[in-house]
Structure formats: structure tokens, C-alpha cells
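Heads up: the structure comes next, in C-alpha cells.
We call the chains A, B and C, going by the order they appear; numbering starts again at 1 in every chain.
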Amino acid sequence: MFKKKLLTLGLAIIVIMSLFVGCAAEKKKEAAKIIGTIRLATTTSTQDSGLLDVILPDFTYKTGYNVDVIAVGSGEAIKMGENGEADVLLVHSPQAEKDFVAAGHSPARYDVMYNDFVIIGPKNDPAGIKAAAPNNAQAAFKKIYDDKVTFISRADKSGTNTKELSIWTKLGLVPSGDWYIESGKGMGDVITMTNEKLGYTLSDRATWLNMSANTDLAIVTEGDKDLFNQYGVMVVDPKKNAQINAAGALAFQEWILSADTQKLIGQYGIEKYGKALFTPNAAAK
Amino acid sequence: MNIIIDRITKEYGGRKVLDVDSLDLNEGAFCGVIGPNGSGKSTLLNIIAGLAEATSGQVFYEEYGMTEPPLKRMTMVFQTPYLLRTTVEKNIAYPLKLRGWKPQDIDNRIRELADELGLTDFLKHKNWSLSGGEAQKVALARALSFRPELLLLDEPTANIDPATTAEIERMLKKTNEEGTTVIVVTHNLVQAKRLCKETLLLNKGKVVEFGPCEKMLKNPENELTQRFIAGEILI
Amino acid sequence: MDVIAEGFKAAIALLLKGDAQLYEIVGLSLGVSLCSVAISTFIGVPLGALIGTRDFKFKNALLRVIYTLMSLPPVIAGLLVFLFIMRRGPLGSLELAYTPTAMVIAQVCLVTPIITGLTYNIVREKADKVKNIAVTLGAGKFEVLKLLLSELKIGILAAIVTGMGRSLSEVGAVMIVGGNIKGKTRVMTTYIAQLKSMGDYSTAIAVGIVLMVLAFLINSFLYNYQQRDERL
């Protein structure tokens, strides 16, 4: 009998506490004078880098717009833009973005920042990639292809995947076989898989820095211009449907391209990793 | 209450399981219903109780020609007692509450019944803590609480130990002496001889014989009855 | 092996610290689940009882549908709801996509058949006995229903708690219609999935512990109630 009362009490406490805290969180938002919400479609790597968690509160504070961040693969983010399911996009697939604008889904795209990709593999580099091509992405890929080294691909139309495929294309090679694993997963998962299988993969530097401590991997190739990862922002054409928050989307675009925000972007990561994760490169107004 | 059965039949999917032309039970009767398995005993009881509908025919309750069972003045006890999820006390009180009895009267009546059936120590016990015999006694007390005019029982002591069976039988006799009509289905011919004033033998849904108990069970006229009592399997 | 150990250590630390984000997520999980189970109970219990005590023409067909829906894959429920509420969908103007409301809707679709089906089973199994007793003790139609509800209380409670467990542990539907948005639609299950994909195992384990503790508490509650079983 007592045991039952104790359990009921425990349950009641947790329920009440959580609902209480949940409500408190709601009140906090009201205090910041919210005038609306925008839906930002971006990539999982962008979300996982932690950048948005740090800089978005600034946007809400300055403009009064809350941001619903929907993190999916680049391909899906752009599809969401096409369908009018998002108000503004922040992705890193320059060619796809240019096509998006050309097709009329957005008035224009703007450079926001870039980070770079790195090729990572086991610390002891059994395939000798680092020795052969520490700064040459195409050479590294060629060696992986020739030696049939285990390579994990995102295979999900993400920005990272697009970058990877572009390198194969430049080499005129079509990777296939047991060594080439098409996972269809996000960057974090792919790094985990690479670690498990002692293979190699292409990753954006931000996610890599976030996860490196938990793996036995290391960078084998970096610094090549081919490994450049350019982020772009685009507002979705508001004529698509009545729910698109055009004003909010434009406010976001303006904010992320502004000098103050660009400075914030350039500072992200220094405290934690000693090095900035992103280099802001919005065109000066 | 007296019961008149008028050409009652019951069919299940084209098969006739009960076909009783007529049966007359006077007020104060104590009728034992016997017969082989599947002879329609329980079906007959359920129809009288209002739990099942006859395919054709009527049951008349009381001389006034009531064809609807007067549910508030009759009751039934089943082979396996179903007690409500509560104390013995509250179980017995349930039918009294349904009939709007005053709390004081309910208390008195419960005490009276508990006394007669040896349940006084069990009143505050929960239903799941009782043995089979105790539970059946509670079911009986509950059924008798409002002093029904008609009491139906379907093999009430089939799974009960002899001592408790004796208590229950004593209670049934007493109730019958106070005027309640009792119809009890039983497999136990010795029990029937002990309790009943009249006996009804069913076989394959039809009445084989109906008559005063002692005569039927000691010197049956009907050949089928003879064979049944002798323990033969009736086909 | 030490990843897991590290994870547990970090988990305890996080829980004791009283991390606000964690509590917000737990609160939302409970809120969404309690809400959807409440609605599902309101619909499912009477519906299950009704089907269990009556006979009607399409009863068998209806039961087949309910039993199938009981194992409806959550991602399908999520997908279907999303197709309706997305901006391009027929209910797009209601702006329900990526909101806790959408999560409740999807979960109601999942939990209602479960509660209905389980209630139906309980009622079908016991309703006849209860009805017989009620009728032979002189209960009228309404009193029979009252008795039915009070006698089957525990079985029905089991059905509700089963629904609650299903709802708390569900991740596919709430991910699709909710989007795991920080501070808005992030619940324990979607958060765990995200943390794992980010490689943050310690926080994932911490949230996992909270989820398991809640599940344990809810089930212990039921277990204690069920302890005293009936003897029919």
C-alpha cells in the first residue's frame, strides 16, 4: 500500500515539475515580445555544428521572430523550398541553389559563410592516403578508388554528398562495389559508421570537430580548393502559398548577411576548438 | 411466486435444445431439475431468469399472467460465484442499495444473513481473498438479501466442500419454508432427494417426468427415469 | 565499453544539474502523451465497450480494421497526418505542421485503436458475466452500465496505460509531423535520435534514463493496481 503511494507520488512530482517548467519556458518566450515565426529549412550538418543554437537567439531578440529550424538533408531542404513548406533556406549546395533561383523558386541567393570539407580516416591511415595526398582531394579519391579502400558515402543528396560526387565526376570515375558504402545517413551517423568500419569518408569540418573526440579517426586530406563548402541563404518565393512568412524570411536574410551577425559567425568555435568553424563571406553591402 | 411454463422452445442454429410443453410450479415449490448434460437444464433456468430469450412460448410469473420476469423480486445463483470487486459487506448490500433500502435496514439485514451463514468474521474481507465455499455463501447471502420470491440456482454446490454444502442447503430449506419458490439444477441426486419437493427430469430438451420428489426418485414409473437414476447414460 | 560508462557518468551529472532544456523536453513529452492518451481514452473506451456489448451488421469488418490499426506503423501515421497538414496539403491553411498539436493528432491516430481494441477485449471477456449478475440482482439498464464500468475498471486502466507507454516511446510519427524543433516540438525520443546521430552519447544516455524511469513509474503504477486480481 505504501509502495503504491510512493510511486504515485513520484509520478505526480515528475509530471507536475515538467509541466511547470514547460510552462515557464513558454512565459520566457512571451517576455521577448514575439511577433511571428519563420520556418528555416537547413541541413543536419548545419544544425549539428551548433552554430544556429548560438546565433539564432540574437535574431529573435533583434526582430521578434521565432525560428523553427527544420534540419534535413540539402536535397530535402531544397525540395521543401520548392513546395513552399519553408520560408527561407540555409544550405550549402551552390549549384542546386543556383538552379533553384533560375527555376524561379527564389528571387536570389547570397553567400553567407564557408567552411571546408576534410577527408578523414583511421588514425594509423592503413591505406596511406595521407602519405600520398595530404592536400589533394582528387588524388586522395583516385587512390581510394584504385585500392578499393572502404569509403562511406552520405548518398542522400546532401551538400556533403554533392561535394563528394563532384570530385568523382571531375575524375571521371563512378564508384561502386563492396568498398563503396552508400549509407543514406546524416553526417554524424556516417562518421560513426566510418569509425566502426575503419574506413574513410568526406565530412564537413564543423561536424568533424564536434565528433572527433569520440572516434579513432584523423584528417588525412585537407586544404584543397575542391574541398570548399559554401553556404547560401535564399528566401522562398512568397507567391507559393499564403502561409509563407515573407517579411520574416527577408528579415532573416538581412540579419544573417549583416556585419554584426557575420562577426558572430566568425567567432563561433574559437572558444571550444581554438579555431573558428566557419568563415563569414557575405558580400559587403 | 408461482411459475407457469407454456410451450417454451429454444433453438440454436436450427437445433432444438429445449422443448417443454407445460410446467406448473406453485408458490413455495422446491423443484430440482435433473438430467444428463446437454438436456437443457441450464437453458430452461436462464429463460426463466430472463437471461436468455425463448424461441417461442411464454413463461408466466404469478397468477396474473405476467410474462416479463419481475427482476426485482427474483434472483439467481450460479455455479461459479461472481463477486463484485469489493468487500463481502458491500457485495451483500448491492441489491439492497439498488432497491433503495435505508442504510440502517441494510446493516441489520447484512448482520442477520452473516449470522445465519457464518460470514460474520468475513464481512470486511475483499472478494479475492475468499475460498470457493466462502464466496458461494456470500453469493447466496447477496441473492437472498432482499427476500426474493423466486430463487433460481444452477448447480450451486457442484464445486463446494461438504460442510459448506450443508450450510447452503440448510439456508435453502429455510428460505423455502419462508415462502420462496426455489428451482435448483443439480447433478447430485442425493442432494435432490434431500432438498426437493418436486423433481423435473429433462432429456434432450424434453420433459421425461415431473412429479413429487420422493416418489420419482425412489419408485420411478418412467423407464427412462429408472435408467437415469440407476446411473445409466441416457441416449 | 568505456563510452557507455562515460555516458552513464555524464548522464547522472546532467540529471542532477537540473538542465532546463532537458526538463523542457521531458515536459513536452509528457504533455503530448498525456494529451493524446486523454483524447484516445475519451474516444476509445466507450467505443470499445459499445462494440463489446452489442451486435451489429459490420461488427466483424470493424474489428478487423481496429486490430490492424492497433499495429499501425507510427511512421505511416506520421506520414499520413503530415500529408494533410503540410502547406500544400488540404489542411495547410491551419498551419499545424511542425507543432505539438500535430504531434498529438498523429499520436491519437496511433493510440485510439489500441485503447479501443484492448477495451473491447476486456469487455467481451467479462461483460456477459457482469451483465448476468447485475440483471439477476435487479439492476436496470443504467445500473448495469455503471457496474460494468466499475468492475472492468482495472482492465480499462491497463488499456490506458498501454496506450500511454506506446505514446511516450513513439518516435517516427512525432519526428515527421513535429520536426524535432528545439524548444517547440523536441521530445525525449526525437532528441535521443538526434543526439545519437550527433555522436553525443552521454546526453543520449541521460535522456534515455529519464525515459526509462518514466516508463518504469507508469508501469509500476499499473502493476500495483493489478496486484489484487479477481476470482471469477
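As a convention for this text, a contact is a pair of C-beta atoms (placed from the backbone, for glycine too) under 8 Å apart; a residue touches a chain by one contact, two chains touch by 3 or more.
Since the structure is predicted, the reported quantities are computational estimates derived from the model, not experimental observations.
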| item | value |
| --- | --- |
| Central chain (by mean CA position) | C |
| Of all other chains, the one whose Cα centre sits farthest from chain A | B |
| Rounded Å distance between chain B and chain C, as computed from the means of their C-alpha atoms | 46 |
| Length of the line joining the C-alpha centres of chain A and chain C, rounded to whole Å | 33 |
| Rounded Å distance between chain A and chain B, as computed from the means of their C-alpha atoms | 78 |
| Chain A - residues contacting chain C, complex | 3-4, 7-8, 10-11, 14-15, 17-23, 25, 29, 39, 44, 48, 53, 68-71, 83-85, 185-186, 188-189, 191-192, 210-211, 214-215, 241-244 |
| Residues of chain B that touch chain C when the two form their complex | 49-51, 71-72, 74-76, 78, 80, 82-85, 94-95, 98-99, 126-128, 130, 135, 142-143, 146, 152 |
| Residue ranges of chain C in contact with chain A within the complex | 3, 20, 23-24, 26-31, 34, 86-88, 92-93, 95, 97-98, 179-184, 196-199, 201, 214, 217-218, 220-221, 224-225 |
| Interfacial residue positions of chain C with respect to chain B in the complex | 129-130, 132-133, 135-139, 143, 147, 150-151, 153-154, 228-232 |
